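Working notes, structure below.
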């Protein structure tokens, strides 16, 4: 049983790194020290009208200083509230949650789409193998600097303003890339396409999923995804994204 | 029709002047410039779970700088929220609300009980007559300095730690005071006793009442008090504390 | 861009109205809102004679909402006709008079008195949980709903809106009964019956013990009932319950409401009704909705 | 100071329990809360066979609350008996198993399977609004409530709690029917049926369209129903609905609840149940309440 903590984290610093996209470093007591790439934390709002936690992936871990970084897009009221926090403010968080990515020593694609890019940063730092980052954006780039020196990087933008015009698979094709393992996080249509690509090419593939959550720890069954096999916990073909996931073998899950 | 404004006021400064009692100066756009002693403002909470305004009396008015002072006790969640505000923070307010005290040139008692003392400060400043402040406290004194130089002052404390042991009427009796007019604000039992005293002694008497409010402007009929005569607005024996009040002739209202 | 909606032949310039009892007859709020900007003003409930209402405390705040047990205090139809209608006539907005009563005869008396008055519609409150007689008793039984609707319709010269209570097992049953009785429009929801206890004084927070829950807290229940009702009847629906933003109003319209009423939110922000009108316009512009009618019941 | 309460012969060390479906079988929350500190753990609803539940999204946040349409996903009684009961037996707390079904036979099968199991009580969920068959259908008609209570009682070896739906015109009618059917304890309220629409995507926020509203938003409705029920029946009541603080729990007890269940608040703060136990103790100390039983139904 992985350890989880509920803490009053303190904002070390926060900045808007792209339009509506914020990067926040949080000082934790224990969470950062236990966290792994691909795991997430739950953040709680100060405003009493919003009761549910917001799940946000861990982007970077500074285990030495027990700090962690999240990068998030303002998508609604909760993330808007978070974006107003500044150095010294505190925020309740629970974590580390979920399973995280397996760290394998195989030639890898690290594929991030939009706001699915953040978890790839810590993964790239911890993976010990040949790394090819494939990053998909709508138009404006962010978190590019972070990958410098960690491997080769390929970018796709929907509007073609940078790199390949199209999606991450177009960038892979255009650059004639290959890999033995895929780690991916991003919008569902992207994950679906990557799953097909991986199966077609016989590549081991790990996908990080999203679903609406209530408890974030596996108790409420809000956040399930369809699984191919009967899940040992649920005894039906449902797995909990917050507990068995958010990272799943592509073959395990159905979209 | 008195003018009312909804504004984003800015906290000039706030301090805890006694245990759990806060004094806050607010910079307004127009409200302070139009306010009169005995009127109140509605303050709105930032936290979305609290939707109703908190009515708080105006303690002092700085018409020149368009600032006003309120003094309040932390009584629940809303006032607790306000107590956390500091210089530069903003808060939504509506005002000035209610009728205020009539300013008459008669030898006066200004009677304040506990958290009913604040409105007496501005009243004392604006009244042009012989003023006798009679202030009742449970134990700890506050807002005493403010009355210095405005008239004579008499204090009663429940525990006798300062001034007369007992209530404001005990202080009046002990000091052998008299007056031609009474202005009073404080807890209902005190107001009730003052009303009886005023009638028994044939003194003109104005009382500032409290009631739970929703709209604060006279539209919802939440905040009524029983009136002796049929009220011309309601057409029944109910007057609106927020609109016809909060200040009433003692004879007009029933407790 | 067209924001006009039609309720039983009455055209509102936009779908935003005030919820009865939260806005008086508009006078007090006219200091904050330009009444000309609203689709309609719905007045506080008025009876054949003046009502004293309940003892105080009449309201209590709750999480994301409030309880009220005002108990339909009102000045009676005579003073209302003499004072409140002329006030509202000065504005370019529709006038909807909310009617309450203790007996069917009470309701009919008020409706008859209003027949020759310049009011646009009548809203019959058969769903107030805060009075001992009348009110909700009429609104929790389909037979009673149909009967009172029929009676009122006999006397009414203006289109009749029946205002339904959410404190029922099946809202569609009541809605169908009102429609069968001849209702021209339905409005829902009135407040959910609730209670608050002060644990320090160990008493009820309201003198009346129970009160009606309103405000953002109840919005999801209101949306559900409006949706269910829209599937069950043909008459137009005025949706209300916890509408505090343009988003809330649009949600209600998408669920099937032709117009919306804003209540408790006025206490949180006296300018909210006008802001909601503007917010709906912004939404229509953003999504290029040429006519608001395209949104009514668009989510099925 | 005595915090013990008695529910149909079962003594709880304190009145704080978990609300079914929000706490699994306790395993996940045991990382945050010492289960030994709770009066009882009420499990997620379990059926005779595994249930898949509804498609996602299964939840949506609302103002001061949330909607859920999980649809009673559960692993079925076999795995539950083999895994969940032994887990809970490790703790010094009472075990209450929440039972769901599509037919009366389904319920009875589960109840029978539990007869020789070390569980302390059974809670029969006849009020789930999120499944097509069973659930709420049993809970909105007094005859059906009485009938299923009687059937279940035939098979039950443990005291039976009937869990009532708030989506009814008169909660006391259902409460009396359950009592007449032999219920040992009543629990209320389950969720209020609600709906949320995403105005940008113009779709329902939940795949199931409607869901159950829970959390602080509904607390005043729950307090009112517990109060009304306490005046109408003799059996003890477990109060729930929006309890998020010790104050909320005490309010429910003063209204007439012998014990309370905490649901949605666990999602906002995984340690809340233990904090509520401590907060009730603080209140009793502050007001010198020697026995919590003095508080039960103390406000009338």
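As written, the chains take the letters A, B, C and D, and residue 1 is the first residue of each chain.
As a convention for this text, contacts are C-beta pairs under 8 Å (C-beta built on N, C-alpha and C of every residue); 3 or more make two chains touch, one makes a residue touch a chain.
Note that this is a predicted model, so its numbers are computed, not measured.
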Co-neighbours of subunit C and subunit B - touch as defined: A, D
Selected pair, greater C-beta contact count between A-D and B-D: A-D
Centroid spacing, where centroids are CA-atom means, of subunit A and subunit C in whole angstrom: 46
Cα-centroid distance, subunit C relative to subunit D, in whole angstrom: 34
Cα-centroid distance, subunit A relative to subunit D, in whole angstrom: 35
Two or more partner chains touched - positions in subunit B: 48-50
Subunit C, residues touching no fewer than two other chains: 63-65, 216
Chain contact topology (line, ring, star, complete or other): complete
Interface residues, subunit C side, partner subunit A - complex: 63-64, 216
Subunit B residues touching subunit C - in the complex, by the definition given at the top: 1, 3-4, 6, 44, 48-53, 92, 94, 211-225, 233-238, 243
For the subunit B and subunit A complex, residues of the former touching the latter: 46-50
Subunit D residues touching subunit C - in the complex, by the definition given at the top: 62-65, 67, 140, 167-170, 192-197, 199, 202-204, 209-210, 213, 216-221, 223-224, 227, 242, 247, 250-251, 254-255, 283, 298-299
Residues on subunit D engaged by subunit A in the complex (per definition of touch): 21-24, 27-29, 31-32, 44, 50-53, 56-61, 63-66, 68, 70, 73, 75-76, 79, 215-216, 264-271
